[in-house]
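Please read the structure below before turning to the comments.
Order of writing sets the chain letters: A, B, C, D, E and F. Residues in each chain are counted from 1.
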Amino acid sequence: MKKAFSTELLRKILNAEGAVGTWVHIPSPTSAEFLAYSGTDFLVVDLQHSLTGLEVAFDMIRVISLLEVTVLVRLTGLDILQAGRVLDAGASGIICPMINSKEEAEALVSACRYPPKGVRSYGPFRPRIMWKDTYLKDAIDGVIVIAMIETPDGINNMDEIASVDGLDGLFAGPNDVALALGEEPEMDPNNPIVRKVLRKIANSAIKYGKFAGIATDSSVFSKVSAAWGYRFHIVASDVKFMERGLQKMVAEMSERV
Amino acid sequence: MKKAFSTELLRKILNAEGAVGTWVHIPSPTSAEFLAYSGTDFLVVDLQHSLTGLEVAFDMIRVISLLEVTVLVRLTGLDILQAGRVLDAGASGIICPMINSKEEAEALVSACRYPPKGVRSYGPFRPRIMWKDTYLKDAIDGVIVIAMIETPDGINNMDEIASVDGLDGLFAGPNDVALALGEEPEMDPNNPIVRKVLRKIANSAIKYGKFAGIATDSSVFSKVSAAWGYRFHIVASDVKFMERGLQKMVAEMSERV
Amino acid sequence: MKKAFSTELLRKILNAEGAVGTWVHIPSPTSAEFLAYSGTDFLVVDLQHSLTGLEVAFDMIRVISLLEVTVLVRLTGLDILQAGRVLDAGASGIICPMINSKEEAEALVSACRYPPKGVRSYGPFRPRIMWKDTYLKDAIDGVIVIAMIETPDGINNMDEIASVDGLDGLFAGPNDVALALGEEPEMDPNNPIVRKVLRKIANSAIKYGKFAGIATDSSVFSKVSAAWGYRFHIVASDVKFMERGLQKMVAEMSERV
Amino acid sequence: MKKAFSTELLRKILNAEGAVGTWVHIPSPTSAEFLAYSGTDFLVVDLQHSLTGLEVAFDMIRVISLLEVTVLVRLTGLDILQAGRVLDAGASGIICPMINSKEEAEALVSACRYPPKGVRSYGPFRPRIMWKDTYLKDAIDGVIVIAMIETPDGINNMDEIASVDGLDGLFAGPNDVALALGEEPEMDPNNPIVRKVLRKIANSAIKYGKFAGIATDSSVFSKVSAAWGYRFHIVASDVKFMERGLQKMVAEMSERV
Amino acid sequence: MKKAFSTELLRKILNAEGAVGTWVHIPSPTSAEFLAYSGTDFLVVDLQHSLTGLEVAFDMIRVISLLEVTVLVRLTGLDILQAGRVLDAGASGIICPMINSKEEAEALVSACRYPPKGVRSYGPFRPRIMWKDTYLKDAIDGVIVIAMIETPDGINNMDEIASVDGLDGLFAGPNDVALALGEEPEMDPNNPIVRKVLRKIANSAIKYGKFAGIATDSSVFSKVSAAWGYRFHIVASDVKFMERGLQKMVAEMSERV
Amino acid sequence: MKKAFSTELLRKILNAEGAVGTWVHIPSPTSAEFLAYSGTDFLVVDLQHSLTGLEVAFDMIRVISLLEVTVLVRLTGLDILQAGRVLDAGASGIICPMINSKEEAEALVSACRYPPKGVRSYGPFRPRIMWKDTYLKDAIDGVIVIAMIETPDGINNMDEIASVDGLDGLFAGPNDVALALGEEPEMDPNNPIVRKVLRKIANSAIKYGKFAGIATDSSVFSKVSAAWGYRFHIVASDVKFMERGLQKMVAEMSERV
């Protein structure tokens, strides 16, 4: 039987220590396996801004979870039915983009939790074999549920969203936050208008006993955000690590004469 | 119509400049596309030491060639029929592992060239639309054919192999060369026994008017090998760039307290 | 031309005889084909609690329908658009989980029926070739539409749901029914609280001229439920038959000393 | 960098010239590539009446866009999240079936445009590499958004729909229009009741400064509809061209004695 | 149980009537299904000059055979093991390219026939369920085996090849025949040098009681070749029918002003 | 790091205990995962008599090996290059059908072992991450190599084959053995002519210090063969367990009136 699916990750997040992972954007169980061996605390299969469909996502979730790395999924949006599918495939948690209101956050939580805490349908296809009989009991609170704050409404309502019972964390997407504020999208932003909202999101999360997470492009900015209270760090992506390494090598070789 | 498929690559190799690429080991047209945008002179889809089957290889060859990056394929071995298939899919050249003798090198060349220079069957499925009517004329000499020297017999017979008409290059695989010599496999080897053979392979190629290629793990060793006469450099791989980038980030973050 | 797509199944269900099938949970047209040869009255491709995405589902629906076994699809949930897609792929009917109200049941029926009985869009991609020109006429009533009763609201509103015109059957999912009642999920339940509701669902269906269906784990419980009026039996699944057979063989072999 | 993604197509549509394409119904990047070489102004990957799932659709969008043919996607329905996914994959525009009202048309436009003109989330996975830094600026108005008028409500509300700011075109689907009117579905209809509504759709589009598009089965009817003001023509489909060509050949051969 | 797998096709070939099919080059069971409904006597899945790998070929063979259209496979080359795999998938016959000698033809026949007539291994994965218990008996002679004559050696040795016991037909590939003769490849050739050899191939087949087959681009040339004695006609391909139909429509539309 | 990949299996085989597994014939990592949880000592992915291509085989090998169940692959035939590919994907051993002679057995062993014991090329794509640095050392002898005795030549030469150094076991395929002897193919054969040869194969293996393996249809015949000295039992297959379970259920239900 595989290790309980979210305890260790949550412990790290709740400590000063924090947790670090990356976006999984290459739709392939092969690259996902190499990522799972690379030492992150978690990986996030992205169904929003990627070319990853459900079928290959299921294969990727399988491989990562078999290696006992906690796998989360970013949904395409607030799609209640998609949440159930990826959880039944073995994901340990959900990141939902574009949460605008308390009602949407409640619907998200409800989709991820079994009755009486929510309306998730029972049929844990892979959890039944991977985590055995304790899954129903473990999952009811153990599934990690994270709401992204990135739209104008979400920014306005962040406190109400943060207050939702059963939600584990708030997550900031700097690009969409910038667009919501009428600013240029920028990863690892210097823009003080954007930075101010990012700090508010962390504070809002902490005020309501939730953790704060953020997507960055580098460990440098992740450390900056850690100082603001962020404890859950998604840094760059498989694609970015790959293309940056390759581009750097090409540059080194071009100095070869 | 797309640019002629190998002229530019060959020009670079034949200049002091040399050419640089990487192994494509992730079986996905999505990651292949990002690689193709990253500035290499060529990419090599590997059918020997990978999880890449023919179907996804075809998709990868398509995407890379549509981006006008020269795509080569390393065959699983001396499989005459496989050579024809990947060429019909739009590969511009072939790297064949484990060539042991002049006869094997001749069979390889013959598989890659149309009559009367070889026995390749005519049916250029993608080249017909991508490179249009000149393909038959262009391909007869333009397909790049490279033999790997890495077995005991291959090492013994490297001069005879290098002498084969229609062969474009010799390629050294340091790991198998080391095993062939009874040494430990090592990328970017320091072992003088291995290094000596690697230098011999470059010399043999040059002596017979062929170019020399080599697989390395870093630009550092590629530059060392360039000094030995190597002009065709396959450095690391998509997987290695990805996992190294991720591991480095994790290490940086672990210094975060 | 293939046989009319649902007449025979409906005839069996409406007779005392009843109809029997199983869940198709392995996402593969190969295993689906073997299932289709095994003598069931129908098969249900499950898009809710499985790893089956739409693409492979389409391949499975094709193979099963070509073998003239009636294929139904359990939707992920009340997803109107998904219903149209699987019907255009050749499914003969729809099982929709988690129907809570009369309005939801009406929306489901409407999604599955062409105007003027519903709002299904016309574009029968596979039915056009498989069932030819009579499809439009046959499908308007012939598509089988089944609502699952398994949520607290669904249980409360089962009579209203059963009364919906154009609905063919009610379907009970014992696991979710149990959770809805605050009981432990259990296939083939002994729990009298759960059994009582299962009997009510059958009665409600019959009262409104609909058939009653149920998912069980064994023919034993299916026969029990048949005595309660259930006529549409989904027993176990491809995965369960496979793993039970294998486990039994391993056990027999372990007695081999 | 690839050419700006929709300028040329829009120029043709807005001229008397008009633009012509076909439905892409075969779920394969291989056939999509051959289509992209065949001289159409655009291609439409259909996610409504086909067996094409998201994963293969992404591969098809990639290949077509790399060949600098404008690729549009017909959504399964008014699925806001699906619109974002296919645009992030490199589609240049969206055709949405079954638009019933001004509110639905506004939701559609909003889903396809970045803030402040809409609510599309920022994360242009393929556009980032294919169209580089100008994408955000180009896409905000450049994404083509087309609403299908084909339901009873849509027909009643066509003027209000046509008036929606940010919508580029109205699109008529003759089959569903016929069903909506209580007539037999018919491509290239002769039915005057259907023809009358088709003419109204074109007029409505033109009145509000939008272009009019239509699906036909032949160039003959497309020319008829051009005379009514239609400027965006989807003629037949890959499947139909293939099966008609094959059937014609079989017929010719059967006259072979 | 499906109809006996090759009797009807062979009857037609052996009559003056002849049989007609096409190359299946699009790697998709969806387009294969439409082809199978289009009225040909047989279809040939091509593993030589296509992007079709084994996995999708199996899916295509399945769909075509379920529709009771005889499906043949052109191997990549004389690959004994590949022959067994596609026969176990449900192909009714094999076309092998580039047969050079009597020995190669004998190896081909042996690969396709069960002992004592050959060395095919017993394990009819799909035939076991599709054609039931008579398969072993039916297949021993019923599998259709066809050798392509297209290389210089094959042309020289055509009579010896034609004489091989258990071979059913000779098949001419005009492109490779032309290249073998030092002429330009040309479908439907006018070149008298090529035509002469094509007539010799038909004569050779007939002399040894075998049938003659040929690949053409049009029914026009197929009728020419029928006059030479060819009875098995592969005309154009799915891709060609599709692209020709589309190009013709685009041309018609361009005359639309 | 995963457990050493073959030690435990070999220990069981070499004890009186024996080892038991099944054929994996469904080309799906999903069903493979359920099989891997079902308690067998090993699983055999079959590339000979199945619809499993290399790509899905790699996914299946990955999942099974991640669950620390020993996975073997039956090659399509004596295909040296295929052996290397599946070992690089993480298979722990190879079963090769149709071995006819000592030379073929030696070629098989050589393909599976690194120099100096063989000619396997070094590039352990998945073993590098799954089994880490000891793989080269562990694999040189640890890869399990099994030759099938089933052809007339193989039966005649079984002693010479059994004597080959580096071979681990002989494996009997009753169907092909029967055909080789001119008898009807029969799993779990009663035919004394076939049984006699099966006993000879076990004796030959044991005489040369190799283990004997056999494919059966039931635990009953496996126990019979165990009495003859067979210690490695492949019983039935995933497909057979699935279809038998389903057929039995249908039969039980048909007694339901």
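For this structure, a couple of remarks:
By our rule, contacts are C-beta pairs under 8 Å (C-beta built on N, C-alpha and C of every residue); 3 or more make two chains touch, one makes a residue touch a chain.
Computed from a prediction, not measured in an experiment: that's the story for all the values here.
Centroid distances from chain B, each centroid being the mean of CA atoms, peak for C.
Most remote chain with respect to chain F, judged by CA-atom centres, is D.
More than half of the contact pairs at C-D come back, by residue number, in A-C, the repeat among A-B, C-F or A-C. Averaged C-alpha coordinates put the centre of chain A at 53 Å from the centre of chain E. If you average the CA atoms of chain E and of chain F, the two centres end up 34 Å from each other. Mean C-alpha positions place chain A and chain F at a centre distance of 42 Å. Residues of chain C found to touch two or more other chains are 25, 27, 30, 34, 37, 51, 53-55, 58, 62, 126.
In terms of inter-chain touching, the protein chains here follow a pattern that is not a line, ring, star or complete graph.
Chains that are in contact with each other form these pairs: A-B, A-C, A-D, A-F, B-D, B-E, B-F, C-D, C-E, C-F, D-E, E-F. Chain D contributes residues 29-30, 33-34, 37, 58-59, 62-63, 66-67, 126, 129 to its touches with chain B in the complex. Chain F makes touch with chain C in their complex at residues 16-18, 20, 22, 25-28, 30-31, 34-35, 37-40, 51, 218-219, 222-223, 226, 233, 235-236, 238-247, 249-250, 252-253, 256-257.
By the touch rule above, chain F contacts chain B in their complex via residues 53-55, 58, 62, 80-82, 84-85, 88-89, 114-116, 119, 121-126, 136.
Across the interface of their complex, chain F is touched by residues 25, 27, 48-56, 76-77, 79, 97-98, 150-152, 173, 175-176, 179-180, 182, 185 of chain B.
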